[in-house]
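As structure tokens, here come the structures.
Each of the next two complexes has chain A plus one other chain: chain B in the first, chain C in the second.
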Partner chain A sequence: MRIARVAADAAIAVPGVVGLRAGALGLHVTSGGGQRVHGVTVTALSDGRYEVDLHLVCALVALPALAERVRTAVVGSAAAVGLGEAVGPVHVRIEEVAGP
Partner chain B sequence: MLLLRAVTRLITFVLLAALALAGLAVAVFSLEGGRHGLSLPALARLAHLPQLRHDVGRFLHALESSGPVAMLSALGGLGAAALGVLLLVGVLRSRRERLALLEAGEHGTLAARRRPLGLIASALVEQARGIGQTRTRVRPRRRGRGGRLHIRIERPRGAASDETAKQRAASALHPLTEPFGLRSRVRVRHGRGEAERR
Partner chain C sequence: MAMHPAETTSEAPTGDTASPLRTSRGETTIDDGVVTKVAGIAAREVGGVHALGGGAVRAIGAMTQRVGIGDERTQGVTVEVGEREAAVDLTIVVEYGEPIPRVAEALRDNVIRRIEGLTGLSVTEVNIAVSDLHFPGDDQPAEPDRVQ
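The block that comes next holds the complex of A and B.
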């Protein structure tokens, strides 16, 4: 849950990211401790790390650069709060583009 | 497809819940023997099984002969078969949505859905000079990077030639198609000129 929260906060802080989306069926959600983080799923891997999936809504910007910035921000934020070793692959998926 | 999957999930949930409840009822009514109390004959009476056997028996008898009941039953059977096929499609069809992959490696994947890519492609092309409205369709490969981006542009009369419009559209799309490994295909449609629109 902490990894999901850190990843969501880091992604939202990147310029060009408008929000996170849980999907049409609301499946892309991480729940725990009475909290829900929409648009982020965290999966435990066999090596003890966690795989992070981010589902983003973006502005009309260059997607390749944005996706890379989001991944860098997530990895950096996780490392800053001591979760760097716990975070494995970070998957960034552009779900929607918000109008200008 | 989304609706089909949702219906399949709902029916699966309802059927599993019904099966669980039926199993629980049978388990509880197996606690005692005899014909009363928590026994299976008592459960059969509660569920009106004798009455049901009587009604279904009459219906099955009517089915054996030709007539409206048989026709209704055949239609119902066909409908049930069609529904079964649809539910099988909902269950078995690949749930993986085709994504345009930007990068896939040990650090994770960067990908985009088709719709945002199409919107951005339209926005890029419509900024080019001499191009009016556009319609885009993105078809990523099922596996790996790459795919096709079809775009239909409207060229107002009096604007640049078809070839020039295609070149402008292709170069406007390049910042999007190159990183995603998409091959663009541009088609030109002749629109009305500004004077005619007025």
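The block that comes next holds the complex of A and C.
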């Protein structure tokens, strides 16, 4: 749950990211501690780390570079709060672009 | 551009072919709707393309847009998106007088450039169907000739 919150906050702060999207069925949500983080799912891996899936709505920019900036931001924020070791691969799912 | 190997390791692709969408730090997926939108916007940028979609599609599109559920930018565009490749089908209306092969070629170039530039997917094919021609006078409503 903490990872999801940190990842969501880090991702939304990246320029070009417009929002997080829980999906039409609301499946991409992490719940815990009475809170819900929309657009982020966190999955435990066998090596003890956690895989993070981010479902994003983005501006119409070069998307692979944006995804890379999101990854850097998420990993950096996680490390800053002492969760750096816990974060495994960060998968970026571009669900929609907010176009002109 | 010489780079130290150490600097590039974080971006080294894990797959057999290099793709900017699969990195050692996680993969990037791009929804069909995103590629459709990019293709639609790119197609409209090309000179000689009057509109996208066939007659029936445009009639239905005009109606759905009026009630607020349609998006003009995605009509006439069908895409298939894989992990690192995309194929695009476009239905277009060409301005009368424009050479269709040249319009098609420019359209193909622009759509491929935009999709590859913005999404990192490699475009395997762009199929273009020309559904109609547009004459410059088509948009003006015909003046009823009532005075004898």
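The rule is simple: the second predicted complex is superposed on the first by the 100 of 100 C-alpha atoms of A that agree within 3 Å, B and C clash if a C-alpha of one lies under 4 Å from a C-alpha of the other, contacts with A are read in each partner's own complex, and residues count from 1 in each chain.
Going forward, contacts are C-beta pairs under 8 Å (C-beta built on N, C-alpha and C of every residue); 3 or more make two chains touch, one makes a residue touch a chain.
Since this is a predicted model, take the numbers as computed values, not measurements.
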Partner chain in contact with A:Leu25 - chain B first, chain C second, else both or neither: first
First (chain B), second (chain C), both or neither touched by A:Arg71: both
Chain B versus chain C as contact partner of A:Ile94, first or second or both or neither: both
Chain B versus chain C as contact partner of A:Leu60, first or second or both or neither: both
A:Val40 touches, of chain B and chain C: first, second, both or neither? neither
Residues of chain A that lie at the interface with chain B and also at the interface with chain C: 51-52, 60, 62-64, 67-68, 71, 89-97
Interfacial residue positions of chain A with respect to chain B in the complex: 24-25, 51-52, 58, 60, 62-64, 67-68, 71, 89-97
Chain A-touching residues of chain B, taken from the complex the two chains share: 2, 6, 99, 102-103, 106-113, 115-117, 119-120, 123, 175-176, 179-180
Chain C residues within the chain A interface of the complex: 11, 20-21, 23, 25-31, 33-34, 37-38, 41, 73, 117-120
Chain A to chain C touching residues, read off their complex: 51-52, 60-65, 67-68, 71, 75, 89-97, 99-100
